[in-house]
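To start, the structure itself, in structure tokens.
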Amino acid sequence: MKYQVGCDLEYDVSQTTPFVFNITPFENQHQRIIQENLEIEPSIELEYYVSPLLGNRYFRAIAPAGKFKIQYRAEVEIFPQEEDPTSIPEVPPDRLPLATFYYLYPSRYCQSDRLMRLAQSEFGHLVPDYSRVTAICNWIYENITYQYGSSNSQTSACDTAIERIGVCRDFAHLGIAFCRALNIPARFVTAYAYGLKPADFHACFEAYLGNCWYLFDPTRLVPREGLIRIGTGRDAADVSFATIFGTAQMTKMDLLVDLLDSQVLTETTAAISNF
Amino acid sequence: MKYQVGCDLEYDVSQTTPFVFNITPFENQHQRIIQENLEIEPSIELEYYVSPLLGNRYFRAIAPAGKFKIQYRAEVEIFPQEEDPTSIPEVPPDRLPLATFYYLYPSRYCQSDRLMRLAQSEFGHLVPDYSRVTAICNWIYENITYQYGSSNSQTSACDTAIERIGVCRDFAHLGIAFCRALNIPARFVTAYAYGLKPADFHACFEAYLGNCWYLFDPTRLVPREGLIRIGTGRDAADVSFATIFGTAQMTKMDLLVDLLDSQVLTETTAAISNF
Amino acid sequence: MKYQVGCDLEYDVSQTTPFVFNITPFENQHQRIIQENLEIEPSIELEYYVSPLLGNRYFRAIAPAGKFKIQYRAEVEIFPQEEDPTSIPEVPPDRLPLATFYYLYPSRYCQSDRLMRLAQSEFGHLVPDYSRVTAICNWIYENITYQYGSSNSQTSACDTAIERIGVCRDFAHLGIAFCRALNIPARFVTAYAYGLKPADFHACFEAYLGNCWYLFDPTRLVPREGLIRIGTGRDAADVSFATIFGTAQMTKMDLLVDLLDSQVLTETTAAISNF
Amino acid sequence: MKYQVGCDLEYDVSQTTPFVFNITPFENQHQRIIQENLEIEPSIELEYYVSPLLGNRYFRAIAPAGKFKIQYRAEVEIFPQEEDPTSIPEVPPDRLPLATFYYLYPSRYCQSDRLMRLAQSEFGHLVPDYSRVTAICNWIYENITYQYGSSNSQTSACDTAIERIGVCRDFAHLGIAFCRALNIPARFVTAYAYGLKPADFHACFEAYLGNCWYLFDPTRLVPREGLIRIGTGRDAADVSFATIFGTAQMTKMDLLVDLLDSQVLTETTAAISNF
């Protein structure tokens, strides 16, 4: 599937301010950037960085005082892998690749250490395979109210488990925390999401099952095959779309996600992976 | 300096239980393992893993039910780099290597996002160089009571900032959180510590200044040149000396740290780095 | 029913220290103190205080340095009111007595304001009468593990809702928080509890239904008719059995609860009230 | 001093909704209501309640669906007691009236139990009299940024101690928590505040010293002699100006505080009490 994605961001910058952006899709064998274009106004030099292991593509811009505009456009082709979910087992801790253990440990927004018993009591009795992570997503969908503006940058999985309300980021954090509490490695994924209304950067998560990372989205807002991955991290702390070292004011954020193929995209029951 | 380090750990295991240990010193140009020996009883196969980028050396053991013993001994030579601390500046966010940014983001136990104003008010006016991190350590030493058993595995930097009591791990977490809140990359270091009484795994932190990582220990319990580094991580979540996937009971934990050279080791005012 | 209750408390006091105790049963038409005896060693003057509205009986002792012993014994007759639980409705906020509203507001350990949605989703659909509070107690019994030593003096209802483990005090706090979140006034009750093993000060809660306060005990550890009420408060903060203004060390705490009538006491399905 | 105070509140009510208001000044020998007038539209019956001990004047209104308007006006004469602050000692726990102990215990927003060490380290060395509470207020004024909209209804003293930002309610909560942590009874006071811009319900606190309750306002926004007391409680949970049992939307809140005497009111250094 081919997508046109992009964003227009504008800031009022009162004094020279460094920004680090993570708005450009990553690349691997499942996701290819056909062409992309980044325009910055005023024209300043950018510094690019691709994180090892995860492949997040960050760039830094030192914005001078004044109006600061970013326009990014990309044509991306994605080849998500579809699999039969009924044949994907969890990997128990005695055989889990040690490289995945960083995604078992608790993180800023996913305090899996505090949620062990809740996770056990809700999901401990379930079959330890793909369907258990699906059950986690269903639980979140059914028990957490999705409400725009209901959480903030400090809201964590524990808060969401208590207050039962949040946005996509909170849904993902809770899903990750539950998975880790059950010894399933899980991590945070940001994405351009086809069909998301209103258009915004989206967040979901992936869990390590079988021998790869599968995408899950407890919000059910968009089909997973319409996700164009931007960043991967232990939680939202790692892959903020913009980290600002100062007090710039965002005055515009428009996102664009168009499907270039003439097909209808609907959510599938297949297991989807693209990492 | 040459050290003999080691530990004896014993567990009662009620059913087959996977363990992941991080008790073996890491190796780089500042720290060389001359020889080491690991004995496990009962004799079982181990799986080794060295984490990329950080070099943490983990090993996994699947312990059968019964008594489970680990005896580790190593002779380690360390070559910590000493520098004049007066010439080491902070690196502002517009020039910080993008690879260090993961150590700016908040983590499970270091919620730097919540401590921005406290950090600014206590340290914001200080000269942005090595001496500012020293000031952070002094503040922690003066304001936090060190008391064995006063915190637990859920205690975070915010708790410590409120409750003003903790152990080495909490001192390190608070130091890290303050550094990150000031845009100084900082991370958690576990170590064998020469002179620590009672002997125990020690925790301190390192901050990125100038162009390398410098060690800081706000507990003032041991000289930094007596630290033999084991693990490096975003916080304690990453480098637990033992992660147990089950309910084994630890029945013994003895540590050994001997200085093999005939010299007297005292804390220095130099900046020390070994990564 | 007649009970013999009492306690023996001993402290090591390093310097003159004020204590405030709440260990003496309260008195009203449902609970009569036939005789009681309080011995303090060394012999010092005590100051008594009965709180208005709630009738908690506190006394203050200024203990000199040295060994400090309290021995309390009382013979108490209780006349709990039994009622058919099927005829007791909740009172909606438009008719609740305004005097009960203090027990709707959140308190230190019962942050009902954060638990509104969880309470609604678990109990919002149930019939608004006595059976709904029973459902709350059942939920707590089924979802929270009772484990001695699993919580501390800072543990609150939100912690318990997350971590799913606690002691009687935590069970009561969570019950209170859920009730308040549903607009049911609820408050904390401490008691001597017949049959509690090991003997200890017990905690449960009461909810305002119909036109009086009914006792609930989500721990199911003892029959409610074996509860001899000591203190009533918004939560445990109000009715600590001993508040110590200093650093005395408790060296002994023995409790005594004997049933003086020759009858067998078993938990009843009746609604019980004694306030 | 005579004041004209009042408020105009308007709500959009979607279905019959009970409200409990605490907007009418309380009355005692220091504060006399000369005349008052309450108009409700639509005209509905109100139920009044004066809380024992504290004298808070609540009223309940069952608002039908539609526009709901409250207009309250009162002429109030206040006689605050002025005293020389240099002669007002703290009362140590061995002599504090036992009736004041409820204001020593932690509450929802004032977790004094967690702030003991911070309070001791900042204020423990100070002279235990009126000047120590002044020092607490100065600390808050200097260390906490006052910023409209920076906190919400869940923000507690611990949050404010960490995040160092808040509004009048948060300033009061932190002052109360610090006092209680030092064994000084303290409680929350809501008031009409002369000179407050923009006009709003104000919050401050009072501490028990000598033998009465003295007013403190760490915000320094208004003179304490311009405070017309509405409610008194353990913290904001007790004296919300409006508790709504439903989902009404506030569409207007205007406050009025006029000084009817021709005098200039400035903040005094005297100790002020009016309870």
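Order as written gives the chain letters A, B, C and D; numbering starts at 1 within each chain.
In this section, contacts are C-beta pairs under 8 Å (C-beta built on N, C-alpha and C of every residue); 3 or more make two chains touch, one makes a residue touch a chain.
Every value quoted in this text rests on a predicted model; they were computed, and no experiment measured them.
Chemist: Going by the contact rule set out at the top, which chains touch both subunit B and subunit D?
Modeler: none
Chemist: Starting at subunit A, how many touching-chain steps does it take at least to reach subunit C?
Modeler: Minimal hop count between subunit A and subunit C: 1.
Chemist: Using CA atom averages as chain centres, what separation in Å is found between subunit B and subunit C?
Modeler: A distance of 44 Å separates the two centres.
Chemist: Measuring from the mean C-alpha position of subunit A to the mean C-alpha position of subunit B, what distance in angstrom results?
Modeler: 30
Chemist: Going by the contact rule already set, what residues in subunit D reach two or more other chains?
Modeler: As it turns out, subunit D has residues touching two or more other chains at 114.
Chemist: What are all the chain pairs that meet the touch criterion?
Modeler: Every pair of chains meeting the touch criterion: A-B, A-C, B-D, C-D.
Chemist: Using the touch definition up top, name the residues of subunit D that touch subunit C in the complex.
Modeler: Against subunit C, the touching part of subunit D is residues 16, 18, 20, 47, 49, 51-53, 58, 60, 62, 92-94, 98-99, 101-102, 105-108, 111, 113-114, 153-154, 183, 234, 237-238, 243, 245.
Chemist: Residue numbers of subunit D touching subunit B in their complex, please.
Modeler: The touching residues are 114-115, 117-118, 121, 143, 145, 158, 161-165.
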